[in-house]
Structures are given as structure tokens and as C-alpha cells.
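The following pair of complexes shares a single chain, chain A, combined with chain B in the former and chain C in the latter.
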Partner chain A sequence: MGIFECKALTKRYGSLTAIDNIDLDIEPGHIVGLLGPNGSGKTTLIKMANGLLAPTAGQILIGGEKPSVATKKIVSYLPDRMALPTWMKMTQALDFFGDFYEDFDRAMAEELLRRLGIDPGQTIKQMSKGTQEKVQLILVMSRRAQLYLLDEPIGGVDPATRDYIINTIINNYNENAAVVISTHLIADVENILDEVIFINSGRIVCRDAVDAIREGRGMSVDAYFREVFKC
Partner chain B sequence: MVWKFKADQPIYAQLIEHIALAVITGEFPPGSRLPSVRELASEAGVNPNTMQRAFGELEREGLLFTQRTAGRFVTEDTEAIGALRARLAGAKTADFVADMRRMGCGREEVVRLVEENMRGEKDNGDL
Partner chain C sequence: MLSKLLKHEFRATARVMLPLYALMAVLAGLARVSVYLLDHQASKAVHWFAGLGVGLFILSVLVVTVMAVVLMVNRFYKNFMTDEGYVMFTLPVTANQLVFSKIIVSVVWFIATAAADAAALTAAFANSHYIRSAIDLVRMAFEKFTTVDHVLRMHITGYAAEGVVIGLLAMIATCLVVYASISVGHSFANHKVLLSFVAFGVFTTVLEIAGIALLISVIGPAFERYFMMVADGFAAAHTVLLTVAGAELLVSVVFYFLTYATLKRRLNMG
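This part shows the complex of A and B:
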């Protein structure tokens, strides 16, 4: 059984169908790219997995259970924007994560922050956008979770920060966990993915292993994506 | 070691070639211990499962071997490394010759260009 399952999952906002009858099963031990253009339903899907939105129809299951307080214990979520109160000092953010999540490895987070040279007394607000993204990712990856849901982890950062973020993901995810990375910046992440799910207008249009696409089509996933979503 | 990947080939196949080349050039000497899957995956910026797959393939070919507790090592069989070197050199040459043929270079021209290049006489042939 997968750690992350969708069964005939549908989400409508009034007359707009954001997620349209999706069936999905993601196994532990894999890094999966959730790839689609802006407005394709990526964030809606991830928000439902976190219980931030309720399905209109169908089911979404985390470790076999509906999203709840219990599933939040095993899901580490990186929202697509800064979600920490920005008045917090770094040490307070660490306390905050420690209080909320039993699986938070504070020593690991502190070590990663120390290596970045981040002053524990600095507030989130005082940090640059790139540093804020790194800090939030460090907190999220320092949990020993079973499912990591990373919504646009590399959106709007410079190439060096992007490399740092990608390396932090590879080095720190729990081997028995699944990692779902939602992005439209495919070229930057495709080498670290096991498989990709292409989503468009709330539907899954393709799901395959990265190397199977490269082998079968003789092109990168990025090039294939451009072909599939040609405007 | 610089890791660069071509867009039109599977990543695992490129990892295999990359590691094989590192063994041939002595960057990973015979009998030496290799970094862990995750370390090397992180260095290369690739998925650890893909790196594992490349390692598995190289183990099946006998270039690498695993010792349960100690880790993963390069073979000490220098003959096997030599054979691999010959195979890879042959494949690279075949690619080169195919490219030259496509440009309309005949056998004599190819041989002459290679000789000139290796003598360092020709320095204005760069594109």
C-alpha cells in the first residue's frame, strides 16, 4: 500500500474543477515530481493531502488514513510561501517545530543552520528571501517523516541556492519515506526524481520513471514536458 | 569530479559511464573504497535510487564489489579494468569516426587529422 493515495479524488471551486477524478498511489522510497503548468492543480492536491482543503468527492489517504492530526505527524510539508511567523527568531522557530513535531531532529537542523552560518538570534523577517527558503526547507527536512510534500521548493531562488536546496533534499530525506516535489522548473529537479507525474487541468496526463522517458523518447523530461504542454 | 549529463540519455547509463571512467583514469583506484550511494548521489545531484542502479549494474559487470560490512570497492582485477578501458576507448572512437564520416571525411583524412592533432601541429582547427 502506498503512503499517499488518491481514489477518484475531485475538488471543485464552484464551477471550476481544480482536481478531476484523480487516482494515484505513491510508494515509499521514491522521489516523485508533481509537474504541471501554473494552475494545473498541484497546490490544490498538496493542500488536500495536508487537510487544508477538503475533497469535493473521492478520497485522499495518507498511510491509509484521511488527513487528520494523526497524519500530520508523518507528513512534513513545505508550503509554497513562508509559513513561519516572521517575527520569530531562529531559535524560536526551532522551539516551535520541536513543540509541534515529535519527529523533529533539532540537532540536525541546528547543524545545517550552523553550516549556513545563520545567526540563531536573527529573526525570519531579517533574512533574505533565499535564506528564508533555505531555513524553511531545513526545518521541513529535519523531520523524520514518512511523506515529504514540497510545494515549489526552488521557486524564485538563485542557481546556487537551488543547488543547495536540491542537495539538502537528497542528503536528508528518510530512505523509507516518499518525497513529492511540486514544481514547473523541471530541468532543475529532473535528475533527482525517480518518477514524474504530469498534471494538467486537474488530471494526470502522464506518469513514468524519469529514465524510462529519457530512454524511450530520447529526450529529457523537461523537453518531453514542453512537448506535452505546448501552447 | 565534474558531473554533466546529456539530456537525451538515461541518467543511470551516464552514471555508469562516469564511474567507469573514474575507475579507468585511476580517480577511483583498484581496490579503493567508494563513497556511499547517498554521498555520490548528492555530489552528482542525482536520485540515490538511480545511483544505486548504476552501482548494481557495475557490480554485475564485476567492476565493483560489495563487502557486507565494509562498503563498496573497486575491483583489484586490473585486467578487467584494462578490458573495460579498451571497450570504452573503442566506443568513443566509433562515435568519433561516425561524426567524421557524417562530415564527409574519408579514412585518410581522419587518420591525417588525428595524427596532426596529436602532434600538436594543428592549432587552428578549433571550432
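This part shows the complex of A and C:
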């Protein structure tokens, strides 16, 4: 049984179909790229997995259960925007995650923050945008979760910060977990992916192992993506 | 998990309210000195500054009171309807716990603010004579209470309990009408804040009409029965108080489920 399953999953906003009858099964132990152009349905799919949106039809299951309090305990979610309350001091943000998530590894988070040189007494509001993104990622990756859902983790940050974020993901995720990374910046993440799912207009147009794309098609995932989504 | 939500909600709100209470306490001291100067100094300049001191204190009481309400609105809006909602609605807690945490903390701050306002006003303006008189009054009332016959004592205890319940329910209902307005307003695609105000206007108008209907149908006839000697005064007063409490409870329940249902439909929570 996959940790993340979709069965005939559909999401409509009025007449617009954001997710169109998707079937999907992601096994633990894989880093999966959910790749697609803007507006392809990536964020909608991740929001449904987190219980932030309700499916119009079909099912989405996390560890065999519909999104619920139980599934939220095993999913570590990075939204596509800065969502931490900005009045919080760093220590208060650590308290917050430690209180609500049993799998939060505070020592690990503190070590990552120390390496970044972040003052624990500093409020999130006082940090630069890039540092805020890093802090949010550190909190999310310091959980020993079973499923990491990372929505556009490298969107809107400079290349050095992108490298930091990617290194933080690969060095800190629970290896028995599945990691789903949604992005359209493929070149930056393709080296850490085991497999990719191409999504367009709410439909899965391709799913393959990264090695199979490189060896079978003789091109990088980025090049293949450009070919598939050529305008 | 509710206790953890409460802990963090108090942490988020105390950082605003406690400095305001401290400021009000300092200004209460300033007002007390100002009142003394107004009584004992004839200089116009001193009177001007003393008047300013009293004015600042009164302003601080108003600001603290208004802030308790603003904070109740803002915490619900900011925590659930802005980007912070991505963190709050993915916590392993139920929607009920999220809404309850907001209500409980708001009610605690309302009560704390009322107590702080009363303490500050007393500290600023009450002289030892007034305080002694007030203490004597309370003592006399208590002595009277212990000597009246047990039926009257029972009624007085009942009125006090009903009053406390009405006060608590009124605070809870106020929070929930605001929460429901924000939730309904934000369930639309555009003009969410404007539509929240519209929803609040509609809800309060409906509640006022319902209140008038209640006055005509239940409270009026209860007094009428008393004046026509059909029912005694105690029973009429209990009828009125219990009706008000029942109405507040009904409002709270209706607006709680409206808030819950709207958040659930929008966010598929819990």
C-alpha cells in the first residue's frame, strides 16, 4: 500500500477542473518530483492531501486514510508561501512545532538553525525573505514524518538559497518516508529525484523513473519536461 | 491538544494585552497624581498638565477595552483566513479545538480586561473614604443576605448564577457572531473583508429583530403576569433571565455551527 494514493481524484472550481480523474500511488522511500507548469494542479493536489481542500469526486488517501487529524500527524507540509506567524521568536516557533508534532526533532532543528547563525531570540518578521524560507523548511524537515509534501520549496529564492534548500531536504528527510516535491524549476531538483510525475491541466501526462528518462530517452528530466510541455 | 492551542493562543495575545495593562497601570498612577494636583494646586499650568494626565489615562482605558475586542477579531482572521491558516489547518487538531481555543482565550481576555479597567479606575480615582464605603456596602449586603429567609436567599443566588451565565454566554455569542461573519465573508472568491462586514451587518440585524420578537413574545408577557398578580415577581424575573440565557445559548449554538460548517466546506477540516 502506498503512503500517498489518489483514486479517480477530481477537483473542480465551478466550471474549471483543477484535478481531473487522477489515479496515483506513491511508495515510501522515494523522492518524487511533481512537475508541471504554473496552474497545472500541483498545489491543488498537495492542498487536498493536507485536507485544506475537499475533493469534488474520488479519493485521496494518506497511509490508507482520508486526510484527518491522524494523517496530519504523519505528513510534514511545506506550503508554497511563508505561513509561520511572523511575530513568533525562533524559540517560540520551535516550541510550537515541538508541542504539536510528536515526531519533531528539536535538537536537529536547533543544530540546523545554529549552522545558519540564526539568533533564537530573533522574530521571524526580523528575518530576510530567504532566511524565513530556510527557517520554515528547517522546521518541516526536522520532523520524522512518513510523507513530506513540499510545495514549490525553491520558488522565489536566489540560487544559493536553492542549493541550501535542496541540501537540507536530501540530508534531513526520513529515509523510510516518501518526499513529494512540487516545482516547475526542474533543473535545480532533478539530481535528487528518484522519479517524476508530469502533471498538466489536472491530468498526469507522464510518470517515470529519473534513470529511465535519462537512459531510455537520452536526455535530462529538464530537457524532457521542455519537450513534453513545449508551447 | 486543546491545552496546547490555548497555550500558544495565550502567548500570541498576551504579548499585546500585558504591555497595554502595564501602560494603563502607569497612567492610572499618573491620573492619581493629577487628581491630587487638581485638588491641591491653583496654578493653571499645573491644572493643564493634570487634565492631560487624566485624559491620557481615560484614553488608555478605552484603548485597552477596544483592543480586547480587536484582538478577538484579528486573531481569528489572521490565524485562519490569511497565510497562517496553512500552518493552523494542517496541525493535528480538530476544527472544534481550533474554534474553541479562540473563544476561550477571547472570553478570558474580556474578563481580565474588565477586571483591569475596574482596578485601574479604582486606583486612579477612588480615595480611601470611597473604598471604605464600598467595602462597608459589600459587607452589609452579605450580612443581609445571610439573615434573609432561605427562599429569598435561594432566589438571590439563582439571579446571581443566571447573571453570570448570561454574561459568559453574551461574550461567547459575540465572538461567534464575529467568527461566523468572517468565515462566511471569506467563503466568497472576492471582496472577502467587505463581505465579512456585510455578513456581520445582516447577522446583527437579524439578531435585533429576533430580540424584539423575544421581548414581545416572552419577556413582556412574563412582566404582564406579574403586574396582573398571576405570577410572583421572583418567578417573572427568573423567566426573563432564563429566557435571555436561553436566547444567548441558541445564538451561540447557531453561529458556532455556521462558523464550523463554513470553515469545513472551505477547508475540508478535521
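Definition applied: the second predicted complex is superposed on the first by the 231 of 231 C-alpha atoms of A that agree within 3 Å, B and C clash if a C-alpha of one lies under 4 Å from a C-alpha of the other, contacts with A are read in each partner's own complex, and residues count from 1 in each chain.
Here is the rule we use: contacts are C-beta pairs under 8 Å (C-beta built on N, C-alpha and C of every residue); 3 or more make two chains touch, one makes a residue touch a chain.
If you're wondering where the values come from, they're calculated on a predicted model, not measured in any experiment.
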| item | value |
| --- | --- |
| Which of chain B and chain C A:77 touches, first, second, both or neither | second |
| Which superposed partner A:170 touches (first chain B, second chain C, both, neither) | first |
| Which superposed partner A:51 touches (first chain B, second chain C, both, neither) | second |
| Partner chain(s) touched by A:218 [first = chain B, second = chain C, both, neither] | first |
| First, second, both or neither for A:87, with chain B first and chain C second | second |
| Partner chain in contact with A:67 - chain B first, chain C second, else both or neither | second |
| Touching both chain C and chain B, counted on chain A across the two superposed complexes | none |
| Partner chain C, residues of chain A touching it in the complex | 48, 50-54, 67-70, 72-73, 75, 77, 79, 81-85, 87, 92, 95-96, 99-101 |
| Complex contact set, residues of chain B against chain A | 5, 7-13, 38, 41-42, 44-50 |
| Residues of chain A touching chain B in the complex | 29-31, 163, 166-167, 170-171, 175, 191-194, 210-211, 214-215, 218-220, 222-223 |
| Parts of chain C lying in touch with chain A, wherever the complex brings them together | 1, 4, 7-8, 11-12, 15, 78-79, 83-87, 89-94, 265, 267-270 |
